[in-house]
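For reference, chains read A, B, C and D in written order, and residue numbers begin at 1 within each chain.
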Amino acid sequence: MAKIVLENLGHSYLPNPKGEHDFALKPVNLTWQDGKTYALLGPSGCGKTTMLNIISGLVPPSHGRLLFDDQDVTKVPTSARNIAQVFQFPVIYSTKTVRQNLAFPLECRGMAPAKIKQRVAEVATLLDLDYALDMPARKLSADQKQLISLGRGLVREDVSAILLDEPLTVIDPQMKFMLRRKLREINRQTGMTMILVTHDQSEAMSFADEIVVMKDGLLQQSGTPEELFSRPQNDFVGYFIGSPPMNMITLEPNLGLLCTAALNLTKPLPLESNATVYQMGIRPEHIVMAAKETNSIGMGKIIKIEHLGVDGIVTLELPTGVVIKAKTRKHTEMNVGNTMGISVCDEDALLYIDGTLSSSSR
Amino acid sequence: MLQIDHLTTADAKVSLDDVSFLFEAGNIYTILGRTGAGKTELLRALMGLNPLTDGEVKLDKENITKRPIRDRNMSLVYQQFINYPHLSVLDNVAFPLRRQGKKKAQAQALASTMLGTVGLGDFLHRRPSQLSGGQQQRVALARAMVKQSSILMLDEPLANLDYKLREQLREEFPRLVSDNEESVILYTTTEPREAMELGNTMIVMHDGKIIASGAPADLFANPPTKDTASVISDPPISFISGFVSNKTLYFGEGQIAPSDGLQLPPDGPVTIALRPNAIERGGDFSAKIGLSEFSGSQTIIHLDFAFGRAIMMVDGIEAFNSGDDLRISIQAEQMMLFAPDGRNITIRDNQDG
Amino acid sequence: MLSSKHFFLLPALLTLVAIILFPLLFTVRVSFSSWDVFQSGLDFIGGRNYVRVFEDDRFWQSLQRLSLLSIISVSLQYTLGFALALAVWKQVRGGRLLRVLFLIPMMTTPVVMSVIWRTVFHESLGPVNDILSVFGVGPVPWLSSAMGAFISVLIVEVWQWTPFMFLLLLAGLVSLPKEPYLAAAIDGAGTWRTFWQVTFPLMAPITIGALIIRLIEASKIMDTVYVLTSGGPGTATETSSYYIYIRGLRDFQIGYSAALSLVYLVIMVISLTIIAKLLLRMLVGRDE
Amino acid sequence: MNKFYHTLKTIFLLGWSIFVVFPFLWALSTSFKDANAITSGATYIPWVDFEPSTQGWTSLFTTGSRGINIIGPFIDSAAVTLIASLVSLILGTLAAYGLSRFEYRLGFVKNADITFFFISQRIMPPIVLAIPFFLMLKELGALDTIFGLVLVYVALLLPIAVWVMTDFFAGIPKELDEMAMTDGCTPIGAFFRVILPNSVPGLVVAGMFCLIFGWNDFFFAFTLTFTETQLLPVSIVSLNSSVTPWWSLSAFALISVAPLALVAVVVERYMSRGTMSGAIR
């Protein structure tokens, strides 16, 4: 197990990258601690898969260095990197039994048969696969096959990190929840570093200790789920993390203040700013609605209520025609057409200047 | 209006088992069910793509059970992004109109308008393979809608899209299908939230049967059976077994007396269903934390009781350590009870909870 | 009623039945006749031709020879074809040129190439013995000794048809997924283990298809033999098809050759079915 | 890959390349020899080993007693192969599509059996068919004609077309046809408007295979034609059995295999793109 450092690591598939646009992954600096769970999150084509391929050794990066426990592994081939990987589509050795699958990496390393037997038994117990050990691996279901892939990493004692490349894609929706839980439990029990690649923000949020959000090959923000949720560094993270996305309300500079006619909320105008766009970002979860106007910062008319089960999403139209969304559990008591008082904690209303979180809001 | 009576099929994997329903024009029906519940099979049977062993399909009172596919006046959007690879986006959408006998110019004009509606006005002359997944699905949707057919069916149309694209298309969906407001719209999905968000009426399928239907909010609040409750709950609903004896509900070390929020059935075994909002922090019960996950502004906690497992949600973000003990209480007014045969036997006095 | 599904199938099916069925039924009928040079026409002699087939050692020997020849040549073609496909699968310098080059022999006409091969194997004027003499190997009687002729036929078959194996196997390799290889590299498997645990199992369906197709085609071998050795010396390279050809079109024993043909056809169908089943079981496992 | 494997691979590729090229180079060299050069033992390089002569090549285009006419057989071969391939491709494609999309039933005979029936024609040894074909064509008056050979070759090539196209169609999602039908096409319309335009790679591969096996057949041409119609393989074999000199034989051989060598270029392109994966299994 190891600490992983990405040092100014970048990649271009072109031989001579000219500008920023030629990079599939623009150079980044990141440090990942041992034993934690990480998620690489972004839309397709954002560079997350390139980053994963660099870490696994499939793609040699064109720029920068990759360090495992302070050792430069940038040019080390996959087989010598001590990583394990679970792929989108389950990869198993179809001619072997589950037991032989789990034993395979150890056999390749020439471990003594008695030791192999012991390790395989331990891992099978951890994965709840004891009962299936002598079944042909190809006969198991997709989620069990994913566990075998994971198990082939877990049996090894030299693994620095387990890479998970959208491993839940082909899993039945009902099993996803269970498999995600299993992954987390294994991380807790073994202390194995896990790196998950996904486009699903809810999957990333529930799985990872720390999330790396990417877009167009550029790192947007790296932080704990809590940080990403409550302090998105830019409008993209505000949009990408959370469902529905963060509400963005345009502010106008006026007498040293930034304000909007929609809500009674202001932010001080930063000095020496020559920015063109000022926006206030408010999470739908942070908007509290009340039937009365008490302590409210504005009024909004309900134009739509969406029932999502326990939660509901209420769409509100503010006086100037600005539309925002709020998430609540009290939606069953509201009706379309009602006018609601709105309140938001000052610290939950964030100022974005040209799309970037202002330093005063950090 | 589309009426189906006793639809039955005999497919190798999933078959329909005596399905009857009446679909009204101008409504959006979401069909919710797990993989293998028979959703796709139902759409395919309506379309005439899967043979029926029994039953009838009636469109506006006319029996169309034996009508060939091309004359059914229905359209279908598949889960996979399927378009004609050899045709441009414009010709893809014009294709069904040309088959209806419209002149080329007229067909292309209508197609181009429809493509504008789905936001692809700038991509008319590209090939589908040059578009992103989301755009390809918009082409498929445009092609299905441009015919103005009486039945518009969408089979998990968003399932293969990225999370955020899915969210975006879901948001736009009512506007996208507004052109077909005279049609019956059928939309299948495995996601409860999607089904509740998009449908006027929600139909729940399980094992090739329709097991419940109704307004989404009502169904969610009062699922008629245990299977329904389990299919429409996300995060999952937890079931624990208990029994009623002498006007008290017993489960594990817990017991609950009848109250305004929950009347108790006669003595006997019951299944208790707990949604995350039925469990709150602080109280009489001791539970072990299995795992905690962060979801938006909430924390999902997997609990292990002496008598089973359950999931609760806590507002805000909080770190919980696996293995710690947590005191919780169970809200009787949020609890649901099911009979051994799966019927919902929850009775409340105040019926709005 | 002619529905649209019949529009698709019937033209081909009827054409094939029309072209094939008459010859087949005719052959069955002729096999019960004594049609030959002296007596042309369809008389009926019962199963006498068939009795004769079972007593005809030359036929059974030709069948053994055919089995030996096709099994050895197809195994060689498969092994070499797979090795070649693996060698040019990944980027190699001049890869495309090599691929085209390796495909060319299967495009050439077997009899035409056999004409060339005859000159190549010519005992005194051919290049093979000339080159061997440089290494002090005395003139090899390629086409005039039993062993030499057999090996010559084998070499020509391998030259001609290894490309076919190469084509099928390379087309298969090109379409294999990448992940299993990355997984194997991660698990620490070397070249050898990766081949046996990943490539070979993934290629099993293609392997079976390719082997069966080649066995079918190889069992019909006749053109090459006809030109290269005429079945000789003696009967050293006489295969079943060639023997039936001699009986039928050279000796004009039409009735007897029909019986030979049918016996041969039945043996081929049965043995190929068994081989296919065995291969399936060996390579894919007992279940589906 | 380590150095040992690399060296081994290079030697193997080099060795095989020489093996493949050798007969062609030998034929090329021989085609420029004269009687002197042939009878003095094996020689290889013109001007160095022997004095080149072009009589091998000129003889092919000379008519009369001294010459061998290659043009007639070349045209006959091309005609028979192209027509038979085209017919097989059309019939085979239709049948393969039908077999991949509809359910047929004739008593206990189902789709898989019909497919097997088509493909199993390849098991039939040519000799089984040769005599009956001979008699049949004789009845039809089609012996020694292009028409007669085309008829026989269709039977020979149809299984190949069906085999390749069945696998190709299996790789095209059924939903595409279904969609065409929901969009108002008849099943036949769906095939022509939607499936066929998307089948070019499969058709090319199937067509190539038909050309290869058609052009290279010897046995049927040998037994079913005599003087009026003569295909290349038969003419070369008849040259071979007479006392034709090696130089003419070699030149003739090279010309007759040249057209199909070009096919290798096309096949390689489809193979490398992976478009053949569906077409071959």
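Criterion: contacts are C-beta pairs under 8 Å (C-beta built on N, C-alpha and C of every residue); 3 or more make two chains touch, one makes a residue touch a chain.
Since the model is a prediction, treat every value here as computed from it, not as a measurement.
Which chains contact both chain B and chain D?
A chain counts here if it touches both chain B and chain D, and no chain qualifies.
A-C versus A-B: which interface comes out with more C-beta contact pairs?
A-B
If you average the Cα atoms of chain B and of chain C to get two centres, how far apart are those centres in Å?
57
With centres defined as the mean C-alpha position, give me the chain A-chain B separation in Å.
For chain A versus chain B, the centre distance works out to 26 Å.
Which parts of chain B, given as residue numbers and ranges, touch two or more other chains?
Residues: none.
Enumerate the residues of chain D that touch no fewer than two other chains.
186
Chains as vertices, touching pairs as edges: which of line, ring, star, complete or other describes this one?
Contact pattern: a closed ring, each chain touching exactly two others.
For this structure, enumerate the chain pairs that meet the touch criterion.
A-B, A-C, B-D, C-D
Which chain A residues qualify as touching chain B in the complex?
Checking each residue of chain A against chain B gives 43-44, 172-174, 177, 180-181, 184-185, 188, 199-203, 205-207, 225-226, 229-230, 239-240, 242-245, 283, 285-286, 306-310, 313, 327, 329, 332.
Mind listing the chain A positions that touch chain C in their complex?
56-58, 77-79, 81, 83-85, 87-89, 91, 93-96, 104-105, 108-109, 136, 139, 149, 152-153
Which residues, counting only chain B, touch chain D once they are in their complex?
47, 49, 68-70, 72, 74-76, 78, 80, 82, 84-86, 95-96, 99-100, 143, 147
Can you name the residues of chain C that touch chain D in the complex?
For chain C paired with chain D, touching residues are 4-9, 11-13, 15-16, 19-20, 22-24, 26-27, 30, 80, 83-84, 87-88, 92, 96, 98-113, 115-120, 124-127, 129-131, 159, 167-168, 170-172, 174-175, 191, 205-206, 209, 213, 216-217, 219-220, 222-223, 226-227, 240-241, 244-245, 248-249, 254, 257-258, 261-262, 264-265, 268-269, 272.
Under the touch definition given earlier, write down the residues of chain C that touch chain A in their complex.
177, 179-180, 182-183, 185-190, 193, 197-198, 201, 285, 287
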